[in-house]
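Supplied in structure tokens, the structure appears directly below.
Naming follows writing order (A, B, C, D and E), and every chain is counted from residue 1.
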Amino acid sequence: MDGGWLLLAILFSSLGPGIAIFFLPEHRQGLRTALNLGGAGTKLALVGVLLAGVLRGDEYHFSLPLMPGIDLVLAADALSLLFASLSAVLWFVTTVYAIGYLEGSPRRSRFFGFFSLCVSATVGIALSGNLITFLIFYEILTLATWPLVVHRGTPAALRAGRLYLGYTLTSGLVLFTAIVWLTLLAGAEGFTPGGYLEGLAETHAVTLQVLFVLLMVGFGVKAALVPLHSWLPIAMVAPAPVSALLHAVAVVKAGAFGIIRVVNDVYGAELAIELGLTAGLLVIAAVTIIYGSIQALRTDDLKQRLAFSTVSQVSYIILGVALAGPLGVIGGLVHLVHQGITKITLFFCAGNFAETLGIHRISELDGVGRRMPLTMLAFTAGALGMIGLPPLAGFVTKWHLGLGALEAGMPWILGVLVLSSLLNAAYFLPPVIRGWLGERREPWHEPLQAHAGPTRFETHWMLLFPVVFTAALGLLVGLYAGLGLSPLGWVSLIVQRDYALPEFGL
Amino acid sequence: MNGLAETVAHTLAPGLLYPTGGAILFALGLYGLIRRHHLVLRILALNIMGSGVFMVLLGVAARGEGPPDPVAQALTLTGIVVAVSATAFALALVVHLTRLTGHAVMLPGPPDDDAPVEDISREEHHADGGPAESSAGEDRSA
Amino acid sequence: MIPANPEWLPAGSAGLVALSLGVAVLATAWPRQAHRIGLLGALAVTAWVLGLSATFLHAGPDPETAATRVALGGWEAPLGLMLQLDGLSMTLLVLTAVVALATSLYSLGYVHDRIERRQFWPLWLWLWAGLNMLFLSGDAFNLYITLEVVSLSAVALVAFTGTAAAVSGAVRYLLVNILGSLSFLMGVVLLFGEHGVLDLVLLEARTEAGPTERMAAVLMTAGLMLKAALFPLHVWLAPAHGSAPAPVSAVLSGLVVTGSFYLILRLWMGVFAPLATPAFGILVGLLGVGALIWGSLQALRAGRLKSIVAYSTVAQFGYLLVAFPLMLVDPGAWRVVVFFAVVHALAKASVFLAAGTLQHAAGHDRLAELGAVLRARPRTVFALGLAGVSLMGLPFTGGFIAKYLLLEAGLGTVLAGSLIGVLWVLAIAGGGLLAAAYVLRMVAPAFHRGRRDAGEAVSPWMDWVPLALATVAALAGLAGVLTLNTLALTPGAP
Amino acid sequence: MIANALTVILILAGLVFFAAGTAGLLRFPDVYSRLHALTKADNVGLGLVILGLMFQAGGPADILKLLLIWVLVLAAGTTAAHMVAQRTWTHGEFESDR
Amino acid sequence: MNALLVLFDLVLLAGIVGVAWRCLASTDLFRAVVLFITFGLLLALAWVRLEAPDIALAEAAIGAGITGALLLVTLERLRSIMAERRSGRPHSPPPDPTGPHALLRALHDPLPEHRTFLPALSFALVVGGLLVTALWHQPQSVGLEPVVDAHMDVSGVDHPITAVLLNFRAYDTFLELAIVLIALLGAWSLGRHDLIPARPAPGPILPGTLRLLVPVAVVTGVYVLWAGSHAPGGAFQAGAILGAAGILLVLARPRQLPMAPAGPLRLGISAGVALFLLVGLYGLAAGHGFLGYAEAWAYPLIILIEVAATLSIALTLVALFVAGRPAGDDT
């Protein structure tokens, strides 16, 4: 129970305010904002404390008996901290953004209540110490996200919500069954670098293979692996902060994180390769990358395009993990962070365009760079980062993935990477080009100004600040990837520990 | 031949004869319960079933040589009182139902989804003031 | 802090019976103060039960020392009647106390008419006393009597609103209950005829798999299944539970039905244990699958909020049937079944209470026209949703833990080589999806765009009690280990 | 022995009256004549049966009880018959009687 | 001798089953009810044959008598409700040209009963057949008679059934009293009572007879109660007899019910359970166990409980006959 209180405090720093907000009357706007930002700030600070502690080598562990022999375990290892800090940082930003985005709209207490719940679940996922705890937070995340998806209450939103729940609950049940089965076989072990199933490999090889498929189906829906991805583009009807959260921080990442945990800390890379599990995963990841990109090309709707881009980009993470070598895993893990920061920037930008100027389609973006230069700049930075232009974040990812593919002896992956980068460029450059070089003939109709009056900056400052912040962050993590505390440095540390490698350079 | 006579004598002993009669009454009551739809008849059928149970109990208690089992008789007495209580309440319900619906027949099938559900927690609902008010219940003739 | 003394258990059990009866009698004799007597009594009985359970747990961990048999009037079985307190009954007594306390508090707001109050409270307190006595009874005939106490007071409460639907439901409920009781009694008579004793423990020692036991098992199980609305003998449930006043529905679906199920379980674990064969288990399991599917489909089709909840009870009890074949493979699974029933009772009661609040606010419970009220009452919808999540078996609720353990038992069956176990696993896992679908039907209108109208004002009790109970249902997951350990204090059970 | 014989004879005689009353109940055309047959025959029949039983009684207390039974049945039967007749007179005959 | 008895048994059983059959097959409710009362009386005969005079007494008084009265008054209520609905004018005197039974027949089942014939028959046959099979295979058990017999001297009474009811299994009896009470509470919760649909009988005959019968009934009830400690009889039979007397009084003056005021009435109906419970609590406190008595006090306590129970049962049965709650209960 050493330092377990810190883990609990991190969980409750968003859960507590969330529940309080839920019961807050609609008009208590100041208190709500204070609770929101206070929760987000506290969480950020606590994660910082945790980070320092883990760097010092402290152990953090909390457990609570749930069932005989089965505990709820919270633990902080390097991997969980990676995800936890990502969530904490991005949640803070998204909260600011959401407050600005939803200003004056109804049902905000409900929204922010579930919003906080959602983040609590995400942090819970990050800090889970075993599969059952993971499952618990994973399902809470499913449920807490649904009200956000249907928040607008339009028929389209409700349809999207139904689809979302249908997909995620079904996959959740598959996951549930698989985890119960696995626990029956192997006991309720905690996540162990290198896996804890070797003992069963001899006797239960087929069962383990079946279980792996079930687990991948369970996580694959949230990670939007083809063919389980169709809920994601449709869920775009949600408000922009929700989309940002869904794509960059919470839902999709939770799925990807689950796959990482299973491959690395349950099965272990060696066993996964031995059982031939990674090969299948690789193929699926590759197909998803290409398919997502092609679909993104075919749509004119900005958020749709970003959504399909997510489908494609998240599979880089899976790809890296499935390569199951140190370099590949570094690429995959670091993309967890990079994609998160970059994609949240893009979604914020899309939200800004929609909110400020009522723009939803790429064909309407002509000349927007002159009206909203900062936002367009951020969008450009994000888009280039996604494409993988050196030395931006995406490049760091792809570089390591390529190295990992070579290391694993699978050069065809390089082809996939190149093709997908070309496609990335093909669907991300047109909006950038239109934004800077296009000409706008008629005047902008300004829905934001229409109802909130003129703003000091190009848009509301609470909408602008997050965009600029995340865009800068995206640039920094790429530029300073070599630093020890950068995502790349951190991920290298994780991989070193996991693979018990000596210190190695790039 | 002797064996047959013994079997017959054994069968005709009250300790077996009456339980058999009780079983027949039980089955008969069950038959009536399914066959008849009028609620009063159904209540009668249940009472006949109950009498069948008591007959089995008393018959079983009267087996053997000694005096009958007083516990069985005490149980039967209790059972009879329970039966009359349940019957009285059931009859009161049937009367009430007839007042509301106009017939003393159980409505078949699942509940009508459109049937209004009165809510006693609301202000407008008040304690049943007597026959005048309750006879104005809605008609749900089948 | 006074140390709990195991020697208090006999007096504590008898005292519980006496206390709950005393409250009921007092309310009957003095109806004008019935609600005050009821409130104080509810608090007193709950406190008593909690104290008893603390003493009981303290007396563990050896089941033989914790479990208590009390000879009423000082007459030991077979001559006298014995009360029986063990892990199983203790668990259900605590469940009863929690749900009943919530229902009592809720009723303070719900039944506010001066005159109706006088009729409601005595009946409700008798029902509660009957449940307490049912769980404590250790004598076959006494079980019949307590069942009758429970059913008569329950039927009276169902008819309480006095509408055609309610009275019709009540009549059906009463006839079914009498039939079930008679069938049960016939079984008791058969057992008594063969073995000459009524005490369950003595009966258990004497029974073997003979024709008497077989017939008695059929009659008693069928009778109790009828009362517990176990598929396919469930048709009476929705009309009765759906038309009763909300607190009554909560108690019926949460406790009364569970009481009958408890008896089935107790009989099959004791007296009829020699009769349980795999084929029988599979038959029961198939019935459970049928119940799951049929009940869920009806819940998906029903147009009234409370009908949905009532059909959900039919569906959820399917799990309990599905668990029977699992118990044949893994005898320890019975504790899981009980835990599931406990969690279901908590969740179902809070759903019914929440539905009652909405019905009160809107003046009806037709789902199609309930949107405005749902949108305006997030607290109640939250309670509905939270308890609904528990019904679906999703985390972080008691339902999840129960579902986990059930699924574990089901997969254990599969791993033990039973092919039909796959069906049980599919049913247990898939039932959650169906539950999600009908819970969503109830909650989703709250998220539609549209008019908001809080409707009629509700008392604070009706506003907060459903939420509190739903929270308890959700947090029941944390009590999983405690419950299972308590249940392990049942002597003779695996 | 004589007492037993008397008992048998008296009870048999009583049964004859009962049978006659029942036959009247079944055969007579209207309520009044049926009542007429039933009450008279049954009162006498019961009296005979009770008289027969008196010979079997254990003591005066039992005899008194038997007599009391007869008196009560007489009173009750008379009242019942009166009320049936009265009702028939004011409201017509029961349909199922025709 | 034995053959005669067997013949008697067979005829009696055939009669019982036949009457039950006719009762359930009847197309006329009134006939069914009358047959049911006959059925109860025949049952009482069977109980005598099974050496159960207590039960015979109870069956005649409660099973046939009180139940019969309840059934008849129910039919009358149904008839008057139907008549009201027919005429559309509440509280108008029922039109009577067609006699009561046409209306009762109109109450009859709108559902096709013929469709249930085969399933019902086969189901009943299977259940009955299995039951008979099980019963015929039962070995003869000793039962509890020896155990009860061995404890009679400490039970405080001389009649084994009373000893079982009020001492050895007093808890059951207590709950039985509670059930009677709950049935009444249930009936009361449905609404206030109606007028009993009977017209006061004109003329002096009924009141005169009642003046004779009611005192006799009271004496009989008290006697049966008192006798219960050493011979067949007891609280329930006595309560039923007193209740029947009460019902007669109610019927004699259906327009002005001789009901007690609300407070005392509530106390009266709950006196039995209340006193029983108090005695039980005393036993618990004094260390004899809940519902236990000190041996020396057993007889007086049992009699005390029986007196209270008799009063409560009588009062409750009358109230159940009247059905709804008295108006005074609402004030």
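Here is the rule we go by: a contact is a pair of C-beta atoms (placed from the backbone, for glycine too) under 8 Å apart; a residue touches a chain by one contact, two chains touch by 3 or more.
This is a predicted model, so every value here is computed, not measured.
Listed by label, the chains touching subunit B and subunit D alike are E. Think of each touching pair as a link: the shortest run of links from subunit A to subunit E has 2 of them. The most distant chain from subunit B, with centres taken as the mean of CA atoms, is A. The chain with its CA mean position farthest from that of subunit D is A.
Nearest to the global CA centroid, when each chain is reduced to the mean of its CA atoms, is chain C.
Centre-to-centre separation of subunit C and subunit E, using mean CA positions: 31 Å. For the pair subunit D and subunit E, the distance between C-alpha centroids works out to 25 Å. For the pair subunit A and subunit C, the distance between mean C-alpha positions equals 43 Å.
Each chain gets one centre point, the mean of its Cα atoms, and the points for subunit B and subunit E are 13 Å apart.
Residues of subunit B found to touch two or more other chains are 19, 26, 56, 60, 69, 71-72, 75, 78, 82, 85-86, 89, 93-94, 96, 127-128, 134.
Shown for subunit C are the residues in touch with two or more other chains, namely 115, 119, 141, 145, 148, 152, 155-156, 159-160, 162, 167, 186, 190, 193, 196. In this structure, the chains touch in the following pairs: A-C, B-C, B-E, C-E, D-E. Remark: subunit D residues 68, 72, 75-76, 78-79, 82-83, 86, 91-96 touch subunit E in the complex.
Subunit A contributes residues 22-23, 64-68, 70, 109-110, 132, 135-137, 139-140, 142-143, 147, 150-154, 158, 161-162, 165, 169-170, 172-174, 176-177, 180-181, 183-184 to its touches with subunit C in the complex. The part of subunit E that touches subunit B in the complex is made up of residues 5-6, 9-10, 13, 16-17, 20-21, 23-26, 29, 32-33, 36, 39-40, 43, 46-47, 49-52, 54-55, 58-59, 62-63, 66-67, 70-71, 74-75, 77-78, 81-82, 84-85, 90-91, 107-111, 113, 116-117, 119-121, 123-125, 127-128, 131-132, 135-136, 138, 140-145, 148, 160-161, 163-165, 168-169, 172-173, 176, 179-180, 182-184, 186-187, 190-192, 194, 234, 236, 317, 320-321, 323-324, 330. Against subunit A, the residues of subunit C that register as touching in their complex are 378-379, 382, 389, 392, 394-396, 400-401, 403-405, 407-408, 411-412, 415, 425, 429-430, 432-433, 436, 440, 444, 447-450, 477-478, 480-481, 484.
Touching subunit B in their complex are the following residues of subunit C: 109-113, 115-116, 119, 141, 145, 148, 152, 155-156, 159-172, 174-175, 178-179, 182, 185-186, 189-190, 192-193, 196, 198, 235, 238-239, 242-243, 245-246, 298, 302-304, 306-307, 356, 359-360, 363-366, 456, 462.
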